[in-house]
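What follows is a pair of complexes built around chain A, which joins chain B in one and chain C in the other.
So, the complex of A and B:
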């Protein structure tokens, strides 16, 4: 992604976050914040709006997208969407956490996020459930191409390699 | 001040009668304004030119027309020469129109037959570099004004009698104050209250901030004053049903519900309550306790009389119940009581209908209604009130024990785009007061206030905040996210992010008080007054007319206008009473002389005008005829701007007059000209400011003044383009709320697409028409627009070798040159010319340097 595109995306996030008056209802409603105080949706929006960059710590990846923050925000700010936007930007820079990259790789390789195991297949037979449909890998690839997920994966792989070295 | 120019005074002898209409005798008075106009505009040439205009019988140049001698000359000229129209070519009409109208009136002529041509702010001050073109523009402006003057009509200045009585709606603290002020001034006041007692919300509060004095102790005597005042007619349990008429003459019908108790006989002994078998939740005590079906809101109620709650009473006959009738020794209970209508006339109306405390029902995350120990601030007021259900003991509703820790949550129902966007103004101070009251009664109770921004903005408020801090009240910045209840203990767990320390606080409290904001309840009053989206009445001007409304003679105060505390309510009530007293005291109210009239022969009764009028001045009578109530009309002309039949006559801003002005403005070189429409209160003043600030711009604009931008019909732009205008500007007050007439600019903006559509069909370049919002402070913007539009006309001229215009061009182009040049050469004085030229050079070099 070009710098210009990135800046535009960031600008849109800032615009979406500007009505925020930092009251803290989102954070006090956030189930993740209760167990992981580093993930504070209010501060994530604040860093985008007032500091003009996405937070570097990468705590947004902890968001469970329950939308409680959006539901209760008195200013109607779409916090979960802003967090998604932050994640998009940082993943394009190769800053996605390892497990998210692995999930992406798995999705590309097998078409599903968690692999089908023999045990679960057996359980399905026992319960009289039909066989799971097999994912169409070609379709998955098309989606990866269309969304630019290939480049994101590539970027993150390269970043991981660099770090390993 | 100098006396008039000797040449000017010599001129009356050389009268030229050019008028075809023998009736028309126009006098033109070009003013030099010292050097302000005279140094740039060749005033003699303008005078000479004026003599050739149709209908002009006298031209008289003055050095200072506005000075006493100048005015006297106008008066004398009117008498001497029998003038019946006066055109003063001098400064802006916003500056001296009144002055000259008065002078004209003094001479026995109707003041509305005087008009001004603005050759100072619109010519000499803004075209210093180009005296030749400036003089030409001045001539055009004078010609436009003369053409308009020819069709001016005398307008009657009427007034209507004012009924010396007032209606005050709502008897809370604001309504009571307004009623008392007016009654003390000697006017009859009809005070209408919906509830069985007066006093409003203040009557049920315990202490009131910032001094924490007892609420009912200071309000009670005032309530008695209201009840005893000989000039106040108190009507409780009543609502205004209909209002008709206009300022000075409102016919009011009030519907009073049945009380079933004779106010005069009831001694409020309370015997009836002892026998009444029906329990109903107490309204006064916020449903925290029970009352009987026959009840009195509180002991100090005024009128001091019981009433029967009709919805819950079993029946006032012996078969169903009737116990109270038996018991009442005074025989005060009237079982046959019915609702009745009360009609009266008033001259003014004051709305003091107050606000509703916001309801926390809509905010499920805070648990009010499900968790008994979550209470609102009003419920707290009753709990801590010695006259309340617990006799002043603060207890938890769940188990009636004393709470050891109390949390107060701020901004509930306020500052939230889903409920109410705005701050409710009083709740911060209210909460600090609540905290102090708890500390005062139970010093060992822990009190925490969760706030977002603590707005202690009033007089003495900061002292109270300091006191609360000293008393040990905890203040935590962060809005409460959610409240959960422990099922067994009914204790509450409050989740808040302490935003100062970026950490989650989940603390347990025995009780939580929700600091409730206010909700507007305006909108259903039977008279058209605009309301905000959250149902508060909108004032006529937010700063300069804060208690007036768009309807003349109707005023607002207290919580009906916006959420406010007691002090502000009282201040505003007195202000409203004072404003109302001005109308009452004068006894007569002037009607806008220029109010719209509907020409019934042209009207097709489409009803558009009725929808356009922001004042409800246009109405349809039984026969389907639309008529204008002169006393309500403010003469903005928005109705006329959209009338498809041109059936609305706007005195002195008629279609014919405006079209005549367009025609004359475009008589020569139309492709060069900008026809600029400017509204009186913003854009025209903005253009004046450009003049006052000496902002130079090209000379090709011809400004046509109108009262409001709502008056600009689509036809004016079309007419201008048909006549070949280079560009057309419609300018008004800024959207959304600057319009002096509330909605004129909105309706004008809605015409823009229609005009653009018409332009597209007629192959007229989009850039040649502009709609702009120019405020009275935006002289710079006016200059920019004029400069940009001059470029547009320039481009248009180059790109236009169309067959029609070139044939017309050469004729017209040659004419003015031959006309204008020789005159100037003969008339200009050498000193003026050199001065003007030198100034031209200076400014041109400056411009170049700047660029």
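So, the complex of A and C:
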């Protein structure tokens, strides 16, 4: 994505956070803030609007996506949705956490995130569950190709390799 | 009524007994299930965080597949339900996005039209079948005290999900009471189980679970009842990890709702469902059954 595209995307996210008047109900409702106060939803909205990122870069990944903040916000701001946008940008820059990248790899390899195994197949047979029809993996690849997911995975693989070296 | 069944990969590959319980109970209410070649929903946090476009296109393909068969979708996992429902909402309200996605689906001979609806087993049982019909089928009530956890992704955003009240859900409690259980209120009923943070920070995830379990144990339930395989795994297996990390002593049995429904309506082979539970519970005999056997003279 071009710098211009990235800036436009960030501008949209900032716009989404602008109605926030810092009441803090998002923070008092957030299960993550309750145990890990470094992820402060109220300050995160403020920082996205003014700086274009959360106070500590990388903490956007700590959102549990439980949507309590969105449900309770009196101004209809959805921090969880804003953070999805921030995470999309940081994924394209190769900054996604390892386990998230692995989810993407699993989706590409088998079309699902909790893949089948001999053990899971056996359990299905034991319980008399049907064989589930499997998706055409060519269709999975086509979606990856058409939506830029290959580039996202590649960028994150390269970043992981660089870090390992 | 016939539905395209969407068990989701967590249920199909990790919590098969819960899937079995859904497949056991729905025919009792005249429901037929059809299996289609679905991919992952895909998971609402992990995949969508990597790429919104990828997420919505996978979800659209799944929905389009059911549409091509003229079927509505029945989900059994809160995460799958959230992903498919949110994606449908996006596609139905943003025509530009729908056109873009359909441009990709065309290459697979599919088209997203927006004709299929998506309901979770929770909605099928409460909204479509109803408490009265369910109660009328109960032959073996389950007299235990439970707490319920509907799951964040079934409840929020309430204006789109429309499953129950996002702040004070009661429908799963009523479904439990229909089977003879006593449902207990607890402080952090709508709090997350912590699963959503696990990929980013394991310890934070289990610290959230510890908070949730602490709140649950204050009301001393016999078991908890959920409607999502991911929540189930987080509560059941997560308790042991939480105990190790924080020196707690949680050991609460967990049920996926339709397991208890299968037991309460007297279906055979329910022992097979419970065999894979890691925290075991001996379900007490129903009170009515006991009094039938007693020889005391009624006053």
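Here are some notes:
Definition applied: the second predicted complex is superposed on the first by the 160 of 165 C-alpha atoms of A that agree within 3 Å, B and C clash if a C-alpha of one lies under 4 Å from a C-alpha of the other, contacts with A are read in each partner's own complex, and residues count from 1 in each chain.
In this section, a contact is a pair of C-beta atoms (placed from the backbone, for glycine too) under 8 Å apart; a residue touches a chain by one contact, two chains touch by 3 or more.
Quick caveat, the model's predicted, so the values are computed rather than measured.
In the superposition on chain A, contact of A:164 is made with neither chain B nor chain C.
Comparing chain B with chain C, the partner in contact with more residues of chain A is C. Contact with both chain B and chain C is seen for A:34 once the two complexes are overlaid on the shared chain. In the superposed model, A:56 makes contact with neither chain B nor chain C. Judged by the touch definition given at the top, the superposed model places A:21 against chain B, while chain C stays out of reach.
Touch criterion met: A:74 reaches chain B, while chain C stays clear of it. In the superposition on chain A, contact of A:113 is made with chain C only, not with chain B.
Once the two complexes are laid over each other on the shared chain, residue contacts for A:42 go to chain B alone; chain C is not touched.
Annotation: chain A residues 34 touch chain B in one complex and chain C in the other.
Listed in rising order, the residues of chain C touching chain A in the complex are 7, 9-10, 12-14, 16-17, 19-20, 23, 35-40, 42-54, 57-58, 61, 104, 107-108, 152-153, 156-158, 166-167, 190-192, 194-201, 204-205, 207-208, 210-212, 272, 276. Residues 21-29, 33-34, 37, 40, 42-43, 72, 74-76 of chain A touch chain B in their complex. Per the touch definition, chain B reaches chain A in the complex via residues 365, 411, 415-418, 452, 477-482, 495-499, 502-506. Of all residues in chain A, only 31-32, 34-36, 61-68, 70-71, 78, 84-85, 87-88, 91, 96-97, 99-101, 103-104, 107, 111-117, 120, 123-124, 127-130, 132-136, 139-140, 142-144, 146-149, 152 touch chain C in the complex they form.
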